[in-house]
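Chain nomenclature is as follows: A, B and C, assigned in order of appearance, with residue numbering initiated at 1 for each chain independently.
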Amino acid sequence: MITRPLARWFDDRLRASSFAHHALNKVFPDDWSFMLGEIALYSFVILVLTGTFLTFFFTPSSKEIVYQGSYAPLRGTRMSEAYASVLKISFDVRGGLVFRQMHHWAANLFVAAIVIHLVRIFFTGAFRRPRELNWLIGVTLLALGIFNGFTGYSLPDDLLSGTGLRIAYSIALSIPVVGTWTAFLIFGGEFPSQDILRRLLITHIMIVPALLVALISAHLAILWRQKHTQFRGRGRTETNVVGSKLWPTYAAKSLGLFFGIAAVLGAFGGLLQINPIWLYGPFSPSTVTSPAQPDWYLGWVEGALRIFPPWEFRSFGHAVPNPFYPAVLLPGVTFLILYAWPFLERWATGDRAEHHLLDRARDHPARTAIGAGAFTFYVVLHFAASNDLLAKTFLVSVSAVTWAFRILVVTLPVLVGAITYAWLSAVHRSEAEGVLRVPLAAFVPVEPPPTDDEGEHVEPPPGHGLYDPRSTAP
Amino acid sequence: MNRPARDQRSFARAIGGAFALSAAASIGLTVVYALGGQPQIEGALIGASLGGLALGFVWWGTHLLPQGPFVEEREPLTSAPAERLAFTEDFTRLAQETPRRRFLGRMLLVAVGALAAAAVFPIRSLGPGPGRSLFRTAWRRGSKLVTEEGGPVAVGDLPVGGVVTVFPEASVGVADSQTILVRVDPASFRPLPGRETWSPQGYLAYSKICTHAGCPVGLYEQSTNSLFCPCHQSVFDVVDGAKPVAGPATRPLPQLPLEVGPDGLLRAQSDFTEPVGPGYWNEGS
Amino acid sequence: MRRSRPIGLDLVGAAALTGLLSAGLLLAGRSTGRAQTPTASPRASPSVVAPTSSPTQGPGWSLYQADCAWCHGARGEGTTRGPTLTGVGAASADFMLRTGRMPIGTVEKQPRRTTPRYDPAQIRALTAFVASLGPGPPIPSVDPAAGDLGEGASLYAIDCAACHSSTGIGGAMTNGLQAPGLQRATATEIAEAVRIGGAGVRSGNMPKFGSDVIDQHQLDSVVRYVLYLQHPRDRGGQPLGHLGPVAEGLAAWGGALLLTVAFVRWIGKRSE
């Protein structure tokens, strides 16, 4: 067929055969939990494809016009050109609404997949040497994903997202010393400014996607170089990888995954309505709607803003206002700890060895307990962002719900962490004895400690990671 | 792992079927587009078209292709000491062979540092400085209160329990001047000290910008005389100087001093006496 | 064979605890917002109407004495259980009766919409009686077809969306009060609520919008838009209750992510 002469044409110019041959035979372990990152990767591909379509129709202009388009209830209403262009995409451009909704669902799925991928990496200890660098890149990808989601849904200049922009402006204002300058320089003046939509667009379609592509490429390149980790089991050691070959098997399944994700996002894009901006109406700085929540990946910040008590620091004509603590300090500390985690754990455990075999969650009760407690903390904050909806649904006062969350957010994570630690320690101990003597033993998968082919207990050789002069590998 | 040929043939048929379904859905998509499009049908067909491909590839990969397990050895990730040494030597040769290294290094640092400092300055062009703009709104002495449609508010316009958003006459829609005007029963409240003349005939005007994070405080509950912000659920007591009574807000909404003009229209006595909206570092100056 | 790791258990545990929290809130909600129950309750069926000529002895009066006087006083003067009806006007009475908010068996902070107890003739009679107790707002006339949908959308955004939501689903207010959803309101009920300021215990919870703020044409327009919101153009598909990002986030996790992770579990292996 055509492929052989074509392949030869390229190879004659690139000398690619050796690399290509090596690549085809690369082994990837095929545990299902190793493909969570791919959900994020392929969601990103969908984001770029659908996003490119949308950029052909979006106008990043705050100039006010009177709408005379095809959505009748807004005819005669004053709105920005940006909002009008998104109405046009939604009602007049063939396929526009499906691509717009696919794009928004893909953004939600992208960040959700990153989060559960991060959770898997964390609980299996895959961030340990030599993969600290990939962890740092991954945390950055999470932050960029959240940031780009926010800039993206603020582009249509509708009432709900405009309210969110106002809150972002106020959060910037709250930064000590440089807050007012930060807010004025980012927005181009006092809120609402004429410049912010254009700046949001450039950030959203150029600056952050460029960073994302570069970092995702680096993330994959490092993974390629270091080879993937794997769980312990028969035939698996610290010095090998067991799985299927990249070509053809892994590639076929991965391609299937891409199309599966695209299919889900396509179906959602047409069947499940998301962000119906025509119902929210155009942004106006003196109007507001309720319930007012951001997209889910900012729910933890929004929940913190709602339940943080009315405390602020004020003295001698200077103030560090209330939004600073839940919306600047909390996210800052969160990402600081995330970035620092591999090094914190290394300091705490003294473990400087290279690891290519993954932990089970029970192997590190402390790490698992801290992770479970921290996850619980952010989940509670996330649900606190719907305190008004919960109050409405369950017919209680908003204050009661808010107080319930204030109590939960400080007690539940500690409780979950303590229970997790105690239970897992008991499991770990009794596994070593070969007998399971713990509460709720029925829930624990019964498994003896992992062994290799000779039935020897598998442990990473001490001091592994230093160069072995006997090795013949290049 | 070898599968019986019979199994493989049946899977091959299934894969073919999946691809056929996908093709049919894709053709359906082109027809729907040609006819004008309909989002739900488009979504379902995209799902079917891509889902057929997905099924086909997954079945292909899991049933027709070698599953392994295959084993590949890991290479050590640290470099050989000899190689590392060779790199270090070559890399530092530049510095080693340059005379007066230290002096040149320092001058380079000075040059680059100055360039970096200069490069930061274009950021200053991004926007005006805050100046005093956060301390002022468009309200002035004698500004007429007007609604968003531009009509003035006469003293008889609002019933007790009524609410309306107002702006200064020449600045309708200006964000920082948005003000919420309510009318309460004058017998039901006592003005704060120093504000006795600010609320003629039960009219109370407060900045509509929440002092927590800046959302418009648009929810007025007349039975409890509360203003409620939907963003983070701060509650302000209208008859007690809009003091926050619940939620994360810490400062009352600034009150606009009102007076009734000889023409029966409501006017402001002056601008707000404190900065409106959320707090910032130097708000006290 | 390796099965679910404790990660899954932790997530299940977090979900279970959230469920417990919700159940706890539900139980808490049942015990707040209800005051004491009077020992007598209104008669189960309204009395037969006897025709007379005097309004104080008319069909409205009999119904009132049977079902309303216990809380609102024999002459509408009010008691500790219910507010005075003098001056509330036909609009208020009609609103409360049509939406089934009145009569209620127990004192409530905020009566909720339910099936009306009376038929239209009885409502007219009761309304006439209450109107005769003192001067008050009449039942407003409203013609949605004469309103302008675009103007209604703008007015709704400015005056109503903050409490009732841009999609009309309603929302929580302070102190356990609610801005109700507008999905079942009729044109007259909407107009009444706008003019009288909703329905609460002492006075309405909702602000009053008199004709100086919203004139007749504007009222027609805003009513027309609210009726539109009951069947809005959901061009994007299933609207997920019009709840906004909260519902969308739940669908992203419980729908899109769940489906894709299930797909991944199907494709991939479980570790031996």
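One rule holds in what follows: contacts are C-beta pairs under 8 Å (C-beta built on N, C-alpha and C of every residue); 3 or more make two chains touch, one makes a residue touch a chain.
Computed from a prediction, not measured in an experiment: that's the story for all the values here.
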item: Chain pair with more C-beta contacts, A-C versus B-C; value: A-C
item: Geometric centre: closest chain by C-alpha means; value: B
item: Chain whose average C-alpha position is farthest from chain A's own; value: C
item: Approximate Å spacing (C-alpha centroids) for the pair chain A, chain B; value: 18
item: Whole-Å separation of chain centres (CA-atom averages), chain B against chain C; value: 31
item: Distance from the mean Cα position of chain C to that of chain A, given in whole angstrom; value: 39
item: Sequence positions of chain C contacting 2 or more other chains; value: 158, 161-163, 171, 173-175, 235-237, 263, 267
item: Chain B residues counted as touching two or more neighbouring chains; value: 39-40, 43, 54, 58, 61-62, 148, 165, 216, 218-219, 230, 246
item: Per-residue multi-chain contacts in chain A, two or more chains; value: 97, 101, 253, 256-257, 260, 264, 268, 270-271, 284, 286-291, 388, 398-399
item: Residues of chain C defined as touching chain A within the complex; value: 1-7, 9-11, 13-14, 17-18, 21-22, 24-26, 28-29, 32-33, 148-154, 157-158, 161-163, 165-167, 170-176, 178, 225, 228-229, 232-240, 242-246, 248-253, 255-257, 259-261, 263-265, 267-272
item: List of chain B residues in touch with chain C within their complex; value: 39-40, 43, 54, 58, 61-62, 147-148, 154, 156-165, 182, 216, 218-224, 226, 228, 230, 235, 246
item: Touching residues on chain B, where the partner in the complex is chain A; value: 33, 36-37, 39-44, 46-51, 53-62, 65-81, 123-124, 126-130, 133-134, 148, 165, 167, 173, 175-176, 178, 208, 212-216, 218-219, 230-233, 244, 246-250, 277-285
item: Residue ranges of chain C in contact with chain B within the complex; value: 158, 161-163, 171, 173-175, 177, 179, 197, 200-210, 212-213, 235-237, 263, 266-267
item: Contact set on chain A toward chain B in their complex; value: 25-27, 94-95, 97-98, 101-102, 130, 163, 166-167, 169-171, 173-181, 183-193, 195, 226-227, 235, 238-245, 248-253, 255-260, 262-264, 266-271, 284-292, 302, 305-312, 314, 316-323, 354, 356, 387-388, 398-399, 402, 465-468, 471, 473-474
